[in-house]
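Quick one: this structure, given as structure tokens, is what I'll be asking you about.
We call the chains A, B, C and D, going by the order they appear; numbering starts again at 1 in every chain.
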Amino acid sequence: MTIDRRRFLAAASGGAVALAAPSLVRAQGAGAIRIGEINSYTAQPAFLKPYRQGWELAQAQVNAAGGVLGRKIETIFRDDAGKPEDAVRHAGDLINAEKVDLLSGGYLSNVGLAIADFAAQNKRLYAASEPLSDALVWSKGNRYTFRLRPSTYMQAAMLVEEAARLKARKWALVAPNYEYGQSAVKWFKELLKKARPDVEFVAEQYPALGRIDAGATVQALEAAKPDAIFNVTFSADLTNFVRQGNTRGLFEGRDVVSMLTGEPEYLDALGTETPEGWIVTGYPHADLATPEHVRFRDAYQARYNDYPRLGSVVGFDTMNSIAAALAKAGTTDNEALVAAMEGLTFPSAFGSAEYRAIDHQATLGAFVGRTALKDGKGVLVDWRYADGAKYLPSDDVVKTLRPAG
Amino acid sequence: MSAPAPSAAAPVLAVRDLAKSFGGVHAVQGVSFTVEAGRMVALIGPNGAGKTTCFNMLGGQLRPDRGEIALKGRSIAGLRPREIWRLGVGRTFQITATFSSMTVRENVQMALISDAGGIWSPFRAARAQHAAAAEALLAQVGMLEQAERACGVLAYGDLKRVELAVALANRPGLLLMDEPTAGMAPRERVALMALTARIASETGIAVLFTEHDMDVVFAHADRVIVLDRGRLLAEGPAEAIRQDPQVRAVYLGSGTVSGGH
Amino acid sequence: MSALLAIAGLDAYYGRAHILQGVGFDMGRGEVLALMGRNGAGKSTTMKAVMGLVPPAGGTIRFDGQRIEGREPFAIARLGIGYVPEERRIFSELTVMENLAVGRRPPREGAPHWTPDRLFALFPNLGRMRDRPGGAMSGGEQQMLTIARTLMGNPRLLLLDEPSEGLAPVIVEAMAATILRLKEEGMSILLSEQNLHFAGNVADRAAIIEKGVIRFTGTMDALKANEAVRTQYLSV
Amino acid sequence: MLDLILTQTLNGLASASSLFLVASGLSIIFGVTRIVNFAHGSLYMLGAYLGWTLVAWLGPASPLGFWGGVVLAALLVAGIGALIEIAILRRIYPAPELFQLLATFGVVLMIQDIALAVWGPEDKLGPRAPGFRSFVILFDSRFPSYELLLIAIGPAVLALLWFLFRKTRWGTLVRAATQDREMVGALGVNQRLLFTSVFAFGAGLAGLGGALQLPREAATLHMDLSMIAEVFVVVVVGGLGSVAGAYLAAVLIGVLHAFGILIFPKITLVLVFLVMAVVLVVKPYGLLGRRPAGQPRATAVEPLLRPADRATKRAGLLALLLLAALPLAAPDSLLLILTELLIFTLFAASLHFMMGPGGLASFGHAAYFGLGAYGAALAVKWLGAPMEPALLFAPFLAGIAGVVFGWFCVRLSGVYLAMLTLAFAQIAWATAFQWVELTGGDNGILGVWPSAWAVSKTAFYYLALAICAACVLLLRVMIFSPLGYGLRAARDNALRAEAIGIDTMRVQWAAFAIAALAAGVAGGLFAFFKGSVFPTYLAIPRSVDALLMVLLGGVQTVSGPIVGAFAYAGLSEQLAKLTLYWRFALGLAIVLLVMLFPRGLVGGFLAWRERLGPGAGAR
């Protein structure tokens, strides 16, 4: 169990802003548009510190350009500590006490689902930035919820494309035992089986999130003698898993396909332990030279004297997409906002993307490549951009997947 | 209070061949004795002689390995304390056992409520139940003036009297008193035992007590049972026991330092 | 020569109950003083206050001329006061030898020096059960062990709280003999007692306490002669 | 297959070592001070973080730098332990067990924020140990040599501890103090120093355990509570105070984990707590533990419990009227806060019922709250029930759990009982967490919204007020009924209670079930209030919330839980708004409250009123 970080909002994250909010309101005139942003700031700091910085960069840019609808944008940050219970609590507080206009955020999939359900009940727009669960827009999708990042389905599809080309027939799987892990494994198995009917899955491990017993887990995978491994763990679980796997030679002579591992937030933590040649989704922050990205990276570097992580991009893009929706709707009325969001094209650090009207999923893509060790740091090499729009099922299939319509 | 008629012929308590061991140590081995209605019987002996073990088997706190305990002809060996109590055995403890979060009156009420089988009513106020009967018992032991005090603040001697009132709440035929005067001043000892003797003779209760104070034993016991190393060493009227050379050797000593003037 | 132990105006509370109300008496070196009184009169509390186990609310306690009230128990013990509590409180999980080891302190000037061997001479029973856990001993043996354990600290003053309570008469006689032996060694002993016979056998002087106040001090003979005091505070 | 069994056994043994180091420290501290040190996991975490810093500073590549850093970290943690003992625990040894536990929980909160401030939120992966970077080939597979080292360290420390406790004077004194600390002092041993040294020693073991983890896993801010939960299991399974038992249990749990991963990869958590419950049911004092010997020194004398006097009754009625009138004036946000407070008040009152009059300290009361919530949610999800019947199903499920768990729990008392309740709560939590098909696991169950008439905040507020007030009053009536008296009788003196015909166990069992039922009502309301249920509803922090509310209010007063619920929930709410480091502040507040109000707020108030004079009136 994780520690009780209930109402930890004040601590590492948005407390100062939340506290200072009344004075800010006065300083900027009473008309600021208020966004209630809930995220696992303390539970997943590696991703969410950059996320918040990216967010604040975008907000500063929007406000510097005169805001939206002639009003500034202001964000109340709340920490859910990785617990859906706390997220729901904050959502209620943000709407009822802080009187925010809309909700955003969410890192863990279960947290995202909880906020989405709350948003639907309370008829508030919820711009889900990071939670990857497909259920968020499909099986449990609702009118008020939109999601920015490529879902587990999309990322699984991107990875399966590579995995299907491997010779490996016997696969072992390891995934955190909650919504994101379960859904990633489900799609990976389904899609890979479709692409390669000859594969079989010989071992599956589901450590509880944040509690992996890495040595025993590695041994259990090793015992199944797979040709390849599909990994979904991330953060501290990933670090511990990789170290034990390296020592025990689990990855030697085996292909490893791994979701999210190419993101700088997780590669940085691995440092010299970074395994080479894993097929991963990620973000080549140093090498990506599109004009949009360079502009973003320079601004970020200038403001924070640090390179952006993927979290920075997600925060930046979420904020910008909300601003774009507000501008398009011309009002903060949530029903109008929902209408504006459907089919909204918005600028992103990876180029422009769209919130699909059919399932509220954005078409933002991800980078697929291989891990490598360079100067003691993990990097993403041989990468390509996989456009999200290309990794979604056909509209007919989507309609069956999304009962909410 | 209705009581069985005193009868010397039928013993209230008849113990036969009682035995108990703890991991190879024979704490009590084959002890037999009887206690008659209206009589005060003292159980004495050196430390470790088996008095408390004996008492705990009579009260149900311990299960005997062997032997028979008959209460008015009915076997109670191996029954639980609460079952034994329901059959009419009152008990006081060496270290007084009362309910500290209740007043003196409530302590007695508690016993009366339990006696009436009224524990399992969750929605009535307990304070109103059996109040008069509780006060009558307290009057009997001379504690009525202190009825509203907390047991936690009572003097030791008073606590012993409360315990006596509680032990009498189920109109027992047999009263077991483990070291009833331990830790009391001499004057209090006499008062308590005189009170007990009076109640015993008035109501025909049989009383069995253990005691270290030989003054108390020889002043109040109708009969004395001496245990030594788990066995019955001697049994008889107080005066005979006091003179018994065997008892003097293992227990009473020369009498120079510890009473029995 | 000043008194070994001089108590004056000692006040102590248990919660809100005023247990000691200005207790005062002196004790000479090599003397055995019996502190007498009924249960709850304040005997044990007086001893605990001397030992620092009950914080005195007022008054002074001098040991060998030195003020000791308010000090911690271990500091008081190190000055040479040994305490044998009423409930014995031996370490039941520890063996006889280990129990003695806990009490061991360096030799002390002006006090007999005790070793396990010397103690086993005094309590032959204990010598036969050196490795027996304290919990597996009879009440009388435990009482002997608790005294032996305290003696290992080589005290100059021994506080014996109700040494005869709850013991069989024969053991009580042995206890009296032990106290007399210790007295021969030059030990000063303060004992609390309800039993006049026992006190009469071992003590030089008596102090009678009643409701936290000292009502009488004098020699044992004076007490025996004073019928009025005996009946008022002690007698049957 | 055999190879795998052997390797997994070794993996289990390696995990067991750190577990054992931490557990033995906890066990030793408990043995002497009788304090269940909740902060022991925090000391373990500090060991890891300090180790990380020191090793980096001394040079991770050289053996001296690495091992020197590890040892230094352990010593530093020992010093921190000494500091905690001197500054806090030393002052509260006479307080009741649970209060001490509460104080150490305050320390947990403080250390969490301190660690966050010092090391930041990122995980810290330590370097590999020099000389143990690689692996050996065992049973045809690679086995890290560092894990082998860990396997050896466990028994080595066990042997060292045995020697220390059996063959040194310090050990003899510690064992003596375990039994009777006051007597040890009266024999001339500076027992304060002894206690401090024991605490420091135990803390040092935890620190060493933490520092030794560095090459295995990253130091994170979550280490503390996840370790303490496991260590509690180990210590309780092994037997509180038994070092050898702790080793045995650590090995058992470690190996169980390793094989659980092979056989039941999805229910490893349930498995561990299930084993704990089974051990406690079969051997209530643990594998090598013994029934606490002898008399508990200075048994707490419980104060008189009297029905409310007229002034209190009036105040209560007034408060109720005020609450009823509030929606006329209060904004929605305040109503939401109050609705939550009302639900927590019932939750606290339900725990108080068994803990105060019953003397049954539950450490896992969240189980019944959570099962109530899940009862309601499952009824909605699987049976499609509307709110009204679902609200009835909530206490039903919680009550059944109360009846089943209670049957086992009332056979124990004190810390052992608290630990068994914790084990059951963890089973319930782990089930909710890992039985994904039924409960949705970590995703929880969403869409548990009230019926149309109760959707508005005002309507739901009135619903909560009516149900909570009725239940709290009912609990109050029960406290003063014969059953409540019987319950207090069983607590005050079980020997006497049995000797006057009271079936103490059955009475306590009933109280347990009633408390569970009431907590279930609160949980059911909470589910509809929030619209969703999650495993966190049954987790340790929620149980601690309940304990805090009851203890802060005062266990031995009837109004305590009500005051405590408002005080605690209000306090944490306000602190969160006032300071960035609210956990530190809350922890500090808890520690101070424990030191200043050992009888709780209401208890303290009553004592104060009593001191004003006899004329001030009864309770």
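The rule we apply is simple: a residue touches a chain if its C-beta (ideal position, glycine included) is under 8 Å from a C-beta of that chain, and two chains touch if they have at least 3 such contacts.
The shown structure was predicted, so the numbers you read here are calculated from the model rather than taken from an experiment.
Visitor: Considering C-D alongside A-D, which chain pair is linked by more C-beta pairs in contact?
Guide: Of A-D and C-D, it is A-D that has more C-beta pairs in contact.
Visitor: Between chain B and chain C, what is the gap in Å from one C-alpha centre to the other?
Guide: A distance of 32 Å separates the two centres.
Visitor: Averaged over CA atoms, how far is the centre of chain B from the centre of chain D? Could you give it in whole Å?
Guide: 43
Visitor: Give the residues of chain B touching no fewer than two other chains, as numbers and ranges.
Guide: none
Visitor: Residue numbers in chain C touching 2 or more other chains?
Guide: none
Visitor: What chain pairs are in touch here?
Guide: Pairs flagged as touching, ordered by label: A-D, B-C, B-D, C-D.
Visitor: Spell out the residues on chain D that touch chain A in their complex, using ranges where they run on.
Guide: Against chain A, chain D makes touches at 4, 7-8, 11-12, 14-15, 112-113, 116, 120-123, 125, 128, 134-135, 141-144, 146-147, 216-218, 220-222, 224-226, 229, 257-258, 261-262, 265-266, 268-269, 332-333, 336, 429, 433-434, 436, 441-444, 446-447, 449, 457, 530-532, 534, 536-537, 539-541, 544-545, 572-573, 576-577, 579-583.
Visitor: Give the list of chain A residues in touch with chain D in this complex.
Guide: Chain A residues touching chain D: 1-12, 15-16, 19, 41-43, 45-46, 49, 83-86, 88-89, 92-93, 96-97, 109-110, 113-114, 117-118, 121, 140, 177-179, 182, 204-211, 213-217, 219-220, 222-223, 235-236, 239-240, 243-244, 247-249, 269-271, 273.
Visitor: Given the complex with chain D, which residues does chain C contribute to the contact?
Guide: Residue list for chain C touching chain D: 51, 53, 72-75, 77-78, 83, 85, 89, 91-94, 98-99, 101-103, 105, 135, 149-150, 153.
Visitor: Give every residue of chain C touching chain B within the complex, in rising order.
Guide: Residues of chain C touching chain B: 17, 37-41, 138-140, 164-173, 176, 194-195, 197-198, 201, 234-236.
Visitor: Can you tell me which positions in chain B touch chain D when the two form their complex?
Guide: Counting only chain B, the residues touching chain D are 59, 61, 80-82, 85-86, 91, 93, 97-103, 106, 109-111, 113-115, 118-127, 129, 150, 152, 166, 169-170.
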